[in-house]
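Residue numbering begins at 1 within each chain, and the chains themselves are lettered A, B, C and D in the order written.
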Amino acid sequence: MNGLLNSGNVLFIAAFVIQLSALIPVAFIRSERKFFLTSNIILLIGLVIGLISTLSSSLFSSSQLINDTLLFDNWIRLDGLGLFFLFIIQLVAIPTTIFNFSYLQHYIDQERPIKSFVISYTVLLVSTQFIVIANQAILFLVSWEVMSMSAYLGMILEREKEEVHKGSFYYLVASHVIVFVIYIFFFLLHHQTNSWFLSDYHVSLTLRNTLPILFILSFIGFGIKAGFMPFHFWLPQAHPIAPTVLSAFLSGVIIKTGIYGILRTFQFLNPIPEWCGWVVLVISILSAIFGVWYALAQHDIKRLLAYHSVENIGIIGIGIGIGFIGSANKIPALEVLGFGGALLHTLNHAIFKSLLFLGSGVISNNLGTRNIELMGGIVHRAKYLAIFFLIGSVAISGIPPFNGFVSEFIIYNGFFQAAKELKNYYPFIMLIFVVGLAFVGGLAVACFTKINSIIFLGTERKEIKHFHTSVYDYISLGILSLLCIAIGFYPRIFIGIVNKVIGSGFVSADSSALIGMNWLSLTLIFSAILLSAVVLYFVKVKIQKKYGRRTSATWGCGYENITPRMQYTASSFADELNIIPKTILVYHKKVEISKGAFPKQTAFESHSQDFVDNKIVLPLYGFLKKIISKIEFLSQTDIRYYIGFILIIITVYGIIAFLWK
Amino acid sequence: MENVLSILFCLSLFYVSISSRVKGYVTVLQLQGLLLSVIIVIPFIYDFSIFGIILPVTLLVVKVFLIPKYIKKIILDLDIKRMIEPTIQQFTFLLLVIVSMVVIFVVSNILSQRTELNVIPFASGFSAIVIGIYIIMFRKKLIVHVAGFLILENGIFLFGTAVASELPMMIELGILLDVFVVVFLMGIALNNISSTLKGFDVTALGRLKD
Amino acid sequence: MEIEILQGIISLLIILGFSPLFAGLINKLKAVLTGRIGAPVWQPYYDLKRLFKKETINATVSSFVSRISPVINFVTVAVAATMLPIGFWKPLISFNGDIILFAYILGLARFIQILAAMDIGSSFEGMGAAREATFALFAEPIFFFTLGSVAFISGLSSIYDIYYSIQLNNISYIVFIVICSISAFLLAVTECSRMPVDDPNTHLELTMIHEVMILDNSGIDLFLYQYSGYIKLFIYAILEISFFYPFSAQSYLVGVMIFVIGSFILALTLATVETITSRFKMKNIPQYLLFATAIGILNLLIYTFTK
Amino acid sequence: MFEFFIFILLPLISSIFCYYIRNLRVQYSVSLGVSILHLVLSLSVFLGYYHADLPFFFSVDSLSKFFLLILSNVYFWVVLVSFSYLKRPVTSKAQEGKKYYFLLLNFYLTANSAAMLSNHFGMYWVAAEATTLSVAPLIFYYRNEEALEAMWKYLFLVSVGIAFAFIGILFLTLSAKGSLLEGKQLFFWEFIKNAKELNPIWLKASFIFIFAGLSTKIGIAPMHSGDIDATSNAPSPVAALMSGSLRLTSLIGVLRILQIIRPTSSYEFAKIILIIGGLLSLFVAFVFMFKVNNYKRMLAYSSVEHLGLITLGIGVGGLAFVGAMYHAIYNSITKVVLFLTAGNIHSRYKSREVSNVTSALRTMPITGWLFLLSFFAISGIPPFGIFFSEIKIFEGLLFSDKPVILFASMFFLLFIFINMGKIIFTMLYKKGENDQLEAGTERFEFIHLSVILLLILLTVIAVISPDVIYQNIINVTKDFGMNL
């Protein structure tokens, strides 16, 4: 218990204790409402304290980062990476927990039992925090599994719905596969170093021979969790059906544990061969492009956001890939930019993805549907919701002046760096990746203009009875939007933190490539834009006062009574893009062209399925099932066969014995 | 002397494998019981001890009187048809029996060169075991299955005497008791089966499947 | 230092000031080429003046988005303009990686404009917005394959430095730059919605891309849109022209001359293209853009592997 | 002598007592008392507070006291819930099944303890046969066709199997021919002591016969069928008892012969046989999980799977062996939990067909959640025990000389998990078109309490992992001559 009782650790321990004590009320509070209120408040307090303790740690103070703070005879480690992810988790968990107050109220009104959800949510938060600070492999595995399972148990809140049943099952199976893979990963590490402590695992020289296996295992195992492209198929199934709070947390944080795992693996295996970097890069760019393209084809808002998680994980992966290449070629600048971009984007994505998910939750709760084709005109109902959602969308599309841009900016610079440092054919390849990333940006713009405009703008496609938003929604959304703005406008601090994290055991030699970038000018430019925009706006208003301003109906090309159904729909908005890769998107559309002088009612609809899921996974399972159904000889019901089996097996064993040397 | 009895035992096996009557089985069981008890008694002819004689006597009682009587009783109670319903021709069955017997004798003869064991009882015991299994496998009637099981048990007993295992007496008795109770339970089960399932053969037992 | 800032401000003012003139120039030349007298070169200024004085009409269904959109549009385009060199002057904003900022700032403009278009809730605007999104997506790669390829080869990531680094001495590099400038031209055509991608002064909504998005705007809003449109056009013109600055020769006069001549030539080219070509079918436009991208890739490939 | 009385005679006496006293409540309290005594004593023997030396054919070593503890633990819980289980309404025919219930239960305890404590093959055989005899009528508890068929099949198959085991024992005596063991009694320790003299051919033969014979009771494929039928049709406590302890009782026989064969040259062969058996069982479970549509059968197959895993671990040896020992404990407890909850579901829905059970989580929340949790427990998800034992087994397999076994078994386990999950979640969530049962009307019964306690026990043992258990398992491995 070295150094256990300094103030920081006390806070730290207290945080966990309080968070866990949110479970206590279940014992003696019968009423669902009272129970969830109390436990949620306790949980919130715990989280806040946790955040404070994290912020008071050496990562965020100006002092030098103490690399390995080991507690409880090394079972807990607070190093740079761990603290950073801890920070992310708590940062996202606080708004989602606040959001709970208003969100769970809906379920209480429906008289749906939510005890189980609250419990599993609490357990989920705690276990997720444990993952990133665990320094003991078994502890890690246990908290990993507990996290997955509690997430599952939370997911099945509306379990009687078919889709919920199906989606959550996808999730469960995926996490079971993951854990099997990770078992082998840790067994190998344990065997090599014969220690169960993660802090002993960076013994790269002895691991050289098994390094490829270890890397592949970790990339598959953690990659499934993170949702890289071939392994993503569970993600768009699971995230939409979860209760909003949970899907925000899942997309925001839990898939990041996969990233955490991969980064840890890098720490174990550093220095890593270059091909690993290429593998990660290629898979990531594919995930990014097709993730966002799938997203473009969705009509279910949460499903769309889930696919965007795939995209963003791809972008993070690109950063990691650059970092790998850097460390393979011993170029600190490259490492710093790559990993820095990845880490910062992890933070950013956690923020704006949870923001968007929470926003979508408010909407879908009020409208009782997740299909964006039935939405519209919500801006007139809830203006601030629209603004927050807009901020999130701009941020996630990587467009200035919000945080999404900053991290993508770093990654771009990483590519430039790579092109500069590594001559001959590198510039060409790097440029291809740059273009890919730019392409992703463009698609993201298309996608988010689509959902913003379809959901919020225009007129209501389906009559909205009443649109209720509570103060808690606005608090949680507000916090997250503020973070988006803060990181966007003044990235300097966060860059400093990220740089510190990278300093602890990532780079071969420290480099100022990240800190040295001209962050101040970014800040200046953004604030200039904001300032001049505001000024110009007021000028414009003044001028409009002078020359008059009025509103009138939209010009309908002379056509008088325009109905909401005449607006442009999401399907038609995205159609021109979706037909391009229609085999991969499994994109079907049904168009009825109207004919004759008096055309009848016509229809246009489009669907997209997941390629991996529908063309690979399910067929394989069906195939296996078919083979199994062929095996009949075992399913005999007759006692005579049973007896016969004994004779046969004894003969077989006898033969083995006879042939035995 | 043992060998002669063992040969007789084998003959009883042949008989059982051609007999197409349930009655035949019962008589064979009695005969085998008798043979077995005689075989065990033999050592006591030379040095008689009242304590050692308990086992053969109980064996005689159980295998010659109790069990066969019990089976007869079941047959009468449930008036099971006299014919055993074989699933393969008697001839084929006999052929199978003969072949496996020959194999067993040859094999055990070979084995006997490694470790000294008196081949005849060993082989005949073993073939009794195998034939017991065959009877279970190729007959339909449950009562015949019971008989087959008993033949198997007899085989094991003979076998045991052949390998000259000195199990302590109370364990031997325990074994006997077990066998008896098994048969007893099977009898009860048969009663129930005939009453609830309306049938005495395996075709009645097809409910449990996936 | 101060002088640099001053120069930057001046070049910004130049861009803001002369961008309508450039547009006017194109129209004039076009008219001449088609054998008309055409509107005077100053026509855009008159238009802007007219629009400035007009009453603003907003659609009833429209929201705050369409209020702020023109402003943000203008501001962002202006900021993008401050990253470009005029003459040999260092622009106001110039730091490593501003090429990316440049692309993304314009992205912001596009984002908000698409939203504003959808805000009206009319299917015309919707259609325009969808097209804008699609074509902009395919225009993105062209930008990176032209300017980006130069950047990657020179290893620089600031627009000014990139242009500065261009030394037209060895032949293969000249070829490279020329082809780059060609695809840059194609890019300009797309981004500024000129022929053959889009027809700026068509009158059928169904065939428009950019125009249809601002269909329901008027007064000061339209003024801002138009103005930022002109600036955008001029920006891309400068991107094109700057390929041919002999930055090594540090004479201001030469710079100005080349700048003026270059813009004139470019205007002429644009006008010619617009006269001799007709607008593509909508569904052919992606092919066209892909073709431009292909040029870029090919160009870079050749240059990378024939050194 | 005292412990002999407690372990073996007392249950016998109380079963005789139950024959004469027909009052259920009295029977219950008596058997409960007996079980508590048994548990306490076996626990104190296990912890070493009490040094046990049993008379003639019985003795205690680290293996037997370990398994005895598992037995008496499972037995205690089963007896505990039995009364509330018996109170449930059954058909009039089944009424007289209740009369003999506790009698047989006590006899079961006797037989099992005898089998576990016996140090003589003959004795072991007699006791093992006796366990069959005690359990067969219990299977017949419900007095319906399925139960009858199950009982017949179980009785017959197991009797034949155990006969084969006896042949194996005879082979063992045969293998002693010519060694200084000739004509000695069949005591384990003597055979273990000078196993080297034994004739390898007969030793192999005896191993094959004993393993194959006892497989019918352990439920190692392909002799699993009888077990499946029995476990799925027996009343839930009995099923729990069978999965939890009876299979281990037969496993101990295999372990004994393995212990004898270990120093000889045939050890490798024995390992191969065990591995084949284990993989076959995993495979069978894997195959049938695709087809099974009766949730008690599903649970039965799951115990085939886990016994297969244990056998695999034993076969591979080393760390996997340790894992297997742990697995024995955790599996036994988890199985009890599973079967009890399944029993609740059965008595509520009156059907074992999965298709007839719908939205169980709504109609019976407590049982539903417990069932869900115990499913997680059985599929090796922390903090429940099986996770900890499984990773030991997996690591052992990975670093054994044949890591491919690991991949095969992981593949099987994964699909077993998937299909079990499919079935269980359909039962729990799916909206039935004829949901006649109204929501949430479930009283908190005694069974729920005990199930929760068991789950807690499972977790606590696993998380704390008391050193005494570890030490004992290490001693077992020492007896098996493995050094970790």
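The rule we apply is simple: contacts are C-beta pairs under 8 Å (C-beta built on N, C-alpha and C of every residue); 3 or more make two chains touch, one makes a residue touch a chain.
On a predicted model such as this, the values are computed, not experimentally measured, just so you know.
Visitor: Which chains sit in contact with both members of the pair chain A and chain C?
Guide: Both chain A and chain C are touched by no common chain, going by the contact rule given at the top.
Visitor: If we define chain centres by averaging CA atoms, which chain lands farthest from chain D? Would you check?
Guide: C
Visitor: Distance between chain B and chain D based on Cα centroids, please, to the nearest Å.
Guide: From the centre of chain B to the centre of chain D is 31 Å.
Visitor: From the C-alpha centre of chain A to that of chain D, how far is it in Å?
Guide: 44
Visitor: Per the centroid of Cα atoms for each chain, what is the distance between chain C and chain D, given in Å?
Guide: Whole-Å distance between the two chain centres: 79.
Visitor: What is the distance, in whole Å, between the centres of chain B and chain C, each centre taken as the mean of its C-alpha atoms?
Guide: From the centre of chain B to the centre of chain C is 102 Å.
Visitor: Which chain A residues reach two or more other chains?
Guide: 635, 639, 643, 646
Visitor: Of all residues in chain D, which are in touch with two or more distinct other chains?
Guide: Those would be 152-153, 156, 160, 288, 291.
Visitor: On chain B, where are the residues touching two or more other chains?
Guide: Chain B, residues with two or more chain partners: 133, 136, 145, 205, 207-208, 210.
Visitor: On the basis of the stated criterion, which chains touch which? Give every pair.
Guide: A-B, A-C, A-D, B-D
Visitor: If we count contacts the way the header does, which residues on chain A are in touch with chain C in the complex?
Guide: It comes out as residues 376-377, 379-380, 383, 386-387, 390, 394, 397-401, 405, 409, 412-413, 416, 419-420, 424-425, 427-428, 430-431, 434-435, 438-439, 441-443, 445-446, 448-450, 452-454, 456-459, 517-518, 521-522, 525, 528-529, 532-533, 536-537, 540, 543-544, 547-557, 562, 564, 566-568, 572-577, 580.
Visitor: Touching residues of chain C toward chain A in the complex: what are they?
Guide: Of all residues in chain C, those touching chain A are 52-65, 67-68, 70-72, 74-76, 78-79, 93, 95-97, 100-101, 103-105, 107-108, 110-111, 114-115, 117-127, 129-131, 133-134, 136-138, 140-141, 143-145, 148-149, 151-153, 155, 157, 205, 215-216, 219-221, 224, 286, 293, 300-301, 304-305.
Visitor: How about chain B: which of its residues touch chain A in the complex?
Guide: 133, 136-138, 145, 202, 205-210
Visitor: Given the complex with chain B, which residues does chain A contribute to the contact?
Guide: My answer: residues 635, 637-640, 643-644, 646-647.
Visitor: Quick one: in the complex, what on chain D touches chain B?
Guide: Listed in rising order, the residues are 57, 120, 122-123, 125-126, 129-130, 132-133, 136-137, 140, 143-146, 148-153, 155-156, 159-160, 163, 166-167, 169-171, 173-175, 177-178, 183, 185-186, 199, 201-202, 228-229, 232-233, 288, 291-294, 297.
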